[in-house]
Amino acid sequence: MFSVTVRDHIMIAHSFSGEVFGPAQRLHGATFVVDATFKRPELDADNIVLDIGRASEELHAICGGLSYRNLDDDPDFAGVNTSTEFLAKVIADRLADAVHAGALGEGARGLTGITVTLHESHVAWASYERDL
Amino acid sequence: MFSVTVRDHIMIAHSFSGEVFGPAQRLHGATFVVDATFKRPELDADNIVLDIGRASEELHAICGGLSYRNLDDDPDFAGVNTSTEFLAKVIADRLADAVHAGALGEGARGLTGITVTLHESHVAWASYERDL
Amino acid sequence: MFSVTVRDHIMIAHSFSGEVFGPAQRLHGATFVVDATFKRPELDADNIVLDIGRASEELHAICGGLSYRNLDDDPDFAGVNTSTEFLAKVIADRLADAVHAGALGEGARGLTGITVTLHESHVAWASYERDL
Amino acid sequence: MFSVTVRDHIMIAHSFSGEVFGPAQRLHGATFVVDATFKRPELDADNIVLDIGRASEELHAICGGLSYRNLDDDPDFAGVNTSTEFLAKVIADRLADAVHAGALGEGARGLTGITVTLHESHVAWASYERDL
Amino acid sequence: MFSVTVRDHIMIAHSFSGEVFGPAQRLHGATFVVDATFKRPELDADNIVLDIGRASEELHAICGGLSYRNLDDDPDFAGVNTSTEFLAKVIADRLADAVHAGALGEGARGLTGITVTLHESHVAWASYERDL
Amino acid sequence: MFSVTVRDHIMIAHSFSGEVFGPAQRLHGATFVVDATFKRPELDADNIVLDIGRASEELHAICGGLSYRNLDDDPDFAGVNTSTEFLAKVIADRLADAVHAGALGEGARGLTGITVTLHESHVAWASYERDL
């Protein structure tokens, strides 16, 4: 199995609902360093997993749609705790939609899986992996 | 599949038995930067993998039971080479016990796997992964 | 010259005022990984720069006073852009006050300088250094 | 499952053929930081995955056969795009050959898989994993 | 003293002339992860060292003028060993020119120094620092 | 000012004497990732700070003289706390001796300073800098 990973980041504000979150129930924020991994069993005709330039651009666009915002105000996340693990899934699903829509090129149709990891600090991170 | 990882570290002395270890047969030591990863297929009612605060505390307690010690003197490890890969299993198993005992909260009962990685330097690390 | 550095982090929300900040004028947030460096020309009687345990605790306490908050609501920062470089100074000055108050121990009175670096992402960080 | 990883690096020149590569069609170069991971379900009689010293030496020898070269001139890669993902497979396959030839010791015969990751920058890396 | 640092990277081919370089006399290549640090004693009216967005763009433009090239063919470097330390100076000097030309904004005229660090691998890097 | 840094590591056991060290008074150990920085105001005739190959070998030799040992048994350190900051000085002084003895080549005689940083974990490190 082959994979290629590209890194970007978002800077957001949010708050959590639920006693389990302790002080993180208050409005605070985070930088999430975002690693998006694309997998496939065999390389394409160019000997690559996918066009890494387009992958980086697509990830950057998705990050741009989340960054420099208070996620508490985003209607997509109404009533939802935007935890690190949940946001990993949001980004992975948006990347999957982009792959299916052809935004990463025809070659990317050979992809079989995506994993997204969000690093919230030097001591904590979360991932979500899914099939394509 | 979702996962959350928290990081801590231990600083220990030990020696190894067996020609394969070369100079590491002498009493020496290591800092192990410890990454504990908790996995589950679906998020809980709070939209998280587990209470990351409790996970960090439990990992810190387990690290505290190993750190600032000469592992050659620990009766738990009598006659055993406390290699990086073996210590990864020790910590993973202790975390698994904690999950089963409810120490990480009721929500953590949905966890299906644990991976522990110990970084012994900038050029070497080892992991152990197990089901829950 | 000797130095010792300890690392911690804060997670905050804030917004900036001024066209130069572009989208960061909106309420957003950041994780700042905080490195605090303590300097002195000669080691103390214990052969150290300072008690690293107390330094870590003091840094953690100062970080705790900033973290999981919307800095826009902090009266200490009213009318001020809480930029990364400014927050580096805030933390450095609070550490300097702690040193002068004896909170880092008598040995720390030999310190001659403090540098604080705040990493806001994998591609940007800021520092402030001052004498003691 | 246990694993051990060792890190080395190569510095090479190459160019790519195909419009998808954009400016990377020109002769350029890369440092690849190489992580080689060896896996097995149970530890050997010495309580380790493999002799980490021999693993490091073998990886270093394989890296030495690639580094400080223009890969466009290497007959092994004639007419092939030496992409990061492809080079991960090259190194993984050479390590697998070494394991099968006994170069990593008898204990290494219990290995069941190898993963090689090549980091081409702070924002991009690629992996190849295979069975043994 | 305050500083702000931004990170980018270049991927280049080159060769060195001189016995001291050993195998690096052959055509090879490198990824240089580039950290550009801007210093000033006091913050500007916006409470910042400089417009980090413009600093990132200017660094990216300078990196773009070097990357995906064989530096042996660059007339600017004819007869010169493009060592890591030399390239750090090239980038620092180009940034200094940009500051003096006003490309980083009027606020950047308060800058007093620039340091550029180029990481050539996980085990080697070089820096050049200069006044403005 | 130019600088070049190379990285290596040591793995040692030791204990500390003095109440300030708390649990670190017990025999324990550490991995120290060692960064050695060499400085000079102008590059040499080869356009470099020093022969990085020889610098790496010399650092490796000095690290080899410390690693895989219990520093409590080293007569050089009798009655001394081998703190991270102290060991940074030990390595810096040994590198300075090597420079003066010509072990890093004639070109290295132009060096004006050395800084050594020892990373003891992901959250703590210490440095010593000196003139040559």
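The first chain written gets the first letter, and so on, giving A, B, C, D, E and F; residue counts start at 1 in each chain.
The working rule: contacts are C-beta pairs under 8 Å (C-beta built on N, C-alpha and C of every residue); 3 or more make two chains touch, one makes a residue touch a chain.
These figures come from a predicted structure and were not determined experimentally.
**Q** Listed by label, which chains are in contact with chain A and with chain F?
**A** B, C
**Q** Counting C-beta pairs in contact, which chain pair has more, A-B or A-C?
**A** If we tally the contacting C-beta pairs, A-C comes out ahead.
**Q** Give the label of the chain whose average Cα location is farthest from that of chain A.
**A** Checked the centroid distances; the maximum from chain A is F.
**Q** Could you give the separation in Å between the centres of chain E and chain F, each centre being the mean of its C-alpha atoms?
**A** Roughly 27 Å separates the two chain centres.
**Q** Centroid from C-alpha atoms only, then distance chain A to chain E, rounded to Å. What do you get?
**A** 30
**Q** Mind checking the centre-to-centre distance between chain B and chain E? Centres are C-alpha means, answer in whole Å.
**A** That pair's centroid distance is 40 Å.
**Q** Considering chain D alone, which of its residues make contact with at least two other chains?
**A** Residues 7, 122-123 of chain D touch two or more partner chains.
**Q** Quick check on the complex: what are the chain F residues that touch chain C?
**A** Within the complex, chain F contacts chain C at residues 16, 18, 20-22, 80-86, 88-89, 122-130.
**Q** State the interface residues of chain A toward chain C in the complex, per the touch definition above.
**A** 7, 9, 11-14, 23-24, 26-33, 67-70, 120-123
**Q** Can you list the chain A residues touching chain D in their complex?
**A** 1-8, 43, 46-49, 51-53, 56, 105, 107
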